[in-house]
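Alright, structures below, take your time with them.
In what comes next, subunit A is part of two complexes: it sits with subunit B in the first one and with subunit C in the second one.
Now for the complex of A and B:
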């Protein structure tokens, strides 16, 4: 990098020089001619202006690389000039991850830097759930006159990983959410259990306890008693991560997808604690599927998934998405008796149709809907009405809906449960 | 370098050399008379003004950095409707956007009459036609009912500057919000 690009900052000075000279000649005013001569010197300087070879070392330190949500993390950016020439005008803008907001101090630096010298910029970001990688730092160097400028991007790998604990809030009345179906459900599959199903011929390896001794005494044949197999309910948490779901009431607020993932992670933990087997799926361009299971390993896997899977990132996805294909794929993956908890802001009609279709295929669907609407604009007021109508439509078609406003999720659940039990 | 530019360069170099020569006292048949100087100055002024003019057409070419401190901005729900209202004020997109606005509001009013007002779908359509679904004549008119707005109210609207499409859409939305609540006429049935 030597010349950079022309900023056009001094373009037109040549015109001024000529005009000054001409006026000087007309009016016989030597000072004007002198000024024109000065202009010629500046023009000559601008003509030869160049930017020295820029060689910078950029280091970034985080005060805590694995913070909890809402923690403030101090970021220190250290820039060292490793080149042999002084950089007179150095501007640095750090590539803060798009999902992180800077709470304090600008994430930039403007300075002159002698060879070997180091400049430091410090700012604070507020951590949110997810894995956030810093983007390239933009380095802008200008010569002292500002005639030429160069811009390049230096990447320094830094990652902030914020994985919230999957601790269910103690008073989360989730039982009400699934009690109708959850716990141990009996199936028509023969196997071990409590309720008698049938008697079949003895096969080698059947447990002695289950041999029907009465029949053995009566007829001399060996037979095995078969019971109806019991199985814990499997619940799949489906999070709406379509681009349409990436909405927020204002710039500062959490997006609907972030709240949906929060709701899903809380529900995951609570359901797992109550003995259900729980799975996770994303309904969006980025594929994500965690088959229903239980146990500590599963909990750890889910925790990592919620925090770091790109599907659950707070930034809108940009891949192509074919919703009907995604619904079909989701249906294939869901066991026939699986219940679905669908977390969606319901800001468009497709979310409603997904919930209704899953319900129609025989899955018990509960929709947890974080409310992202506001009343700040005319369109926003209409969006609120539309969402309200969608919730009513869903409720009418027998889908349980939890409308989650600004209150804590537990409060919304309790209120919804009170409505259901009436 | 094109031929013309080379020629100009040659002329420039010769003129500069000749100028220095004249100053040094070499007579080239040119005297530094007022007329000659005036001619040179006029040429310089002309060219200078040309350069200045060129400056006015070029913009500064400098790096513009974004706003990395801010979180990524996601739209607020309903921003598409706001966009429609804006394009309904534009010259080329006016009719299509206007139609979208009215159609959408009408569909929502009908849905609200059914879901919140407890009306049958046919009844809701009839109410929208007659304007009986709301007590706001502006809203009723906006959704196609032939209700006349009283002259006094019309004058007042006109004078207050609240007769734009956005204002009428807002009044319609407010009327839809009232459906099914105690203060709307459609809610009396409940």
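Now for the complex of A and C:
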């Protein structure tokens, strides 16, 4: 460890000592000379100040390393002085992951530590979705007089992993674009299914169950009842994770990306339950792609992806991003019969153009848009109006839009569904 | 979510202001002007701690120094002046330390032990220093005053030069 730097705390004391001594001489007052003498003693004390070799062991314990979201996790930071000298002035600031908020108790410690002694700081953090690694602990050591200070960062690896269960709390209706497999989405293709579509003339080979026997009894003609065929869809959930999407109504609220990821994970689970094959993609600087599939393995993979993939981190990414390249890459990956559910706050025009382009290429697009706007200022109201206009533009071009305000996703879905045509 | 209050710690503020009050009380045994100076300095120290401003705390230290200088120049007793000097340095040191700890760790952190150790270290050094200086003065009291004073001055200058080299 270095000798540290001068805090310049006692700068100027030497001047004061000389002034006091000089005044003492001129006024022939020995008491002032004695006061100056005391000042000289302090100067000597400051002069010999040095920081001993610092050797600390820092341990961090979590009460639960894999909590559920919004759980309170107690963090215990233990600092042991392993050196041979007493540390008179030890100040420690723990490197709490930026996405985690400290709920209770400061993540800081200030104490004096004898050799072999241990000091403990306890604080609680509120878990949020994701994988969070603690950053280095900043250790500040000062000598007893405070004249010299040294700082260093000690890193102790601790990781908190919070993977929410994928819960299908809302059912997301899909559009008519489907794969060839049987499923839940009602199509306009006539065939076997549940919902009545039409009656047509009997053709040789029609199953006996679907012959309209009432009509046969009434008119003597054979006719076949046709139902709307139900098929499975292949859906890709695209989450807008661009830095522009990291917006929130205020400091405490969830960002639009957080809500988008929530919506995507709800939709993922619901769609998987209904037999559709579902994939996940991030539209942002961090690359993320999970091809559409189904099954328990796929669900587990997606759960981990939503929880820990850096693309879905609650803090904005800081890499370079080329949106047009990303759109092209996304298009290449999408199968021609894949629907897209695009989760984006739509706070800029690019999100709109992405949705429109995907729709134009034949992927039926549904936009789930968490609303991050407020009405607090004139500028905020303007942003809200602009966003409303973007939603309207999207609806006009045939894209289904779910405007998701403060209410639960299911409520927003029900409201949006009422306005949709099949 | 808990926020960090980057203000001087309560412990340090309380200790610094108590010592400043005692110093003002001690200055009361010298001259009334010095006592008023000490009072003003204490108020300034309180303001500096309230605002968390290093500059105001340093200014308060300067005011204490001026009061000491005035008290000394107008013939204060050796014991009272030495005690007031000790108190002034201690009050300023505690206040400045409270500010620095507050800035690093915030008010919410328990820093009692840290600040008590700091206060104890400074107090011990000052007390021992004052005892040595006072003892030297007593021992030299019988000698020639002018020569002693001049020699002491030379010694002070030499020490300051060496120490702040």
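By our rule, the second predicted complex is superposed on the first by the 353 of 422 C-alpha atoms of A that agree within 3 Å, B and C clash if a C-alpha of one lies under 4 Å from a C-alpha of the other, contacts with A are read in each partner's own complex, and residues count from 1 in each chain.
FYI, a residue touches a chain if its C-beta (ideal position, glycine included) is under 8 Å from a C-beta of that chain, and two chains touch if they have at least 3 such contacts.
Remember, predicted model here, so these are calculated numbers, not experimental data.
Chemist: Regarding the shared-chain residue A:273, is it in contact with subunit B (first), subunit C (second), both, or neither?
Modeler: After superposition on chain A, A:273 lies in contact with neither partner.
Chemist: Look at A:19 in the shared chain and tell me whether it touches subunit B only, subunit C only, both, or neither; answer first, second, both or neither.
Modeler: After superposing on A, A:19 lies in contact with both subunit B and subunit C.
Chemist: So in the superposed three-chain picture, is A:102 touching just subunit B, just subunit C, both, or none of them (first/second/both/neither)?
Modeler: Both: A:102 reaches subunit B and subunit C.
Chemist: Could you tell me if A:41 is touching subunit B, subunit C, both of them or neither one (first, second, both, neither)?
Modeler: The answer is second: A:41 touches subunit C but not subunit B.
Chemist: Counting only touches as set out at the top, which of subunit B and subunit C does A:140 meet: first, second, both, neither?
Modeler: In the superposition, A:140 contacts both subunit B and subunit C.
Chemist: So, does A:152 touch the first partner subunit B, the second partner subunit C, both, or neither?
Modeler: After superposing on A, A:152 lies clear of both subunit B and subunit C.
Chemist: Tell me which partner A:212 touches in the superposition: subunit B (first), subunit C (second), both or neither.
Modeler: neither
Chemist: Using the superposition on chain A described above, determine whether A:249 touches subunit B (first), subunit C (second), both, or neither.
Modeler: After superposing on A, A:249 lies in contact with subunit B but is clear of subunit C.
Chemist: Would you sort A:286 into first (subunit B), second (subunit C), both or neither based on which partner it touches?
Modeler: neither
Chemist: Comparing subunit C with subunit B, which touches more residues belonging to subunit A?
Modeler: Result: the larger residue contact count on subunit A belongs to B.
Chemist: Can you list the residues of subunit A that touch subunit B in one structure and subunit C in the other?
Modeler: 7, 9, 14, 16-21, 23, 25, 91, 93, 101-102, 106, 108, 140, 252
Chemist: Under the stated contact criterion, what part of subunit A meets subunit C in this complex?
Modeler: It is residues 7, 9, 14, 16-21, 23-25, 27-45, 47, 88-91, 93, 101-106, 108-112, 140, 144-146, 252 of subunit A that touch subunit C.
Chemist: Looking at the complex, which residues from subunit B come into contact with subunit A?
Modeler: 37-38, 40-42, 44-45, 47-56, 58-63, 65-66, 68-85, 104-105, 108, 111-112, 115-116, 166, 169-170, 173-174, 176-177
Chemist: Within the complex, which stretch of subunit A touches subunit B?
Modeler: 5-9, 11-12, 14-23, 25-26, 91, 93-96, 98-102, 106-108, 123, 135, 138, 140, 149, 151, 246-252, 255, 314-316, 345, 347, 372-374, 376-387, 389, 392-393, 396
Chemist: Contact residues on subunit C for subunit A in the complex?
Modeler: For subunit C paired with subunit A, touching residues are 1-2, 4, 65, 68-69, 72-73, 75-78, 81-82, 85-86, 89, 93, 96-97, 100-101, 104-106, 108-111, 113-114, 117-118, 121-122, 125-126, 128-130, 132-134, 136-137, 145, 149-150, 152-153, 156-157, 159-160, 163-164.
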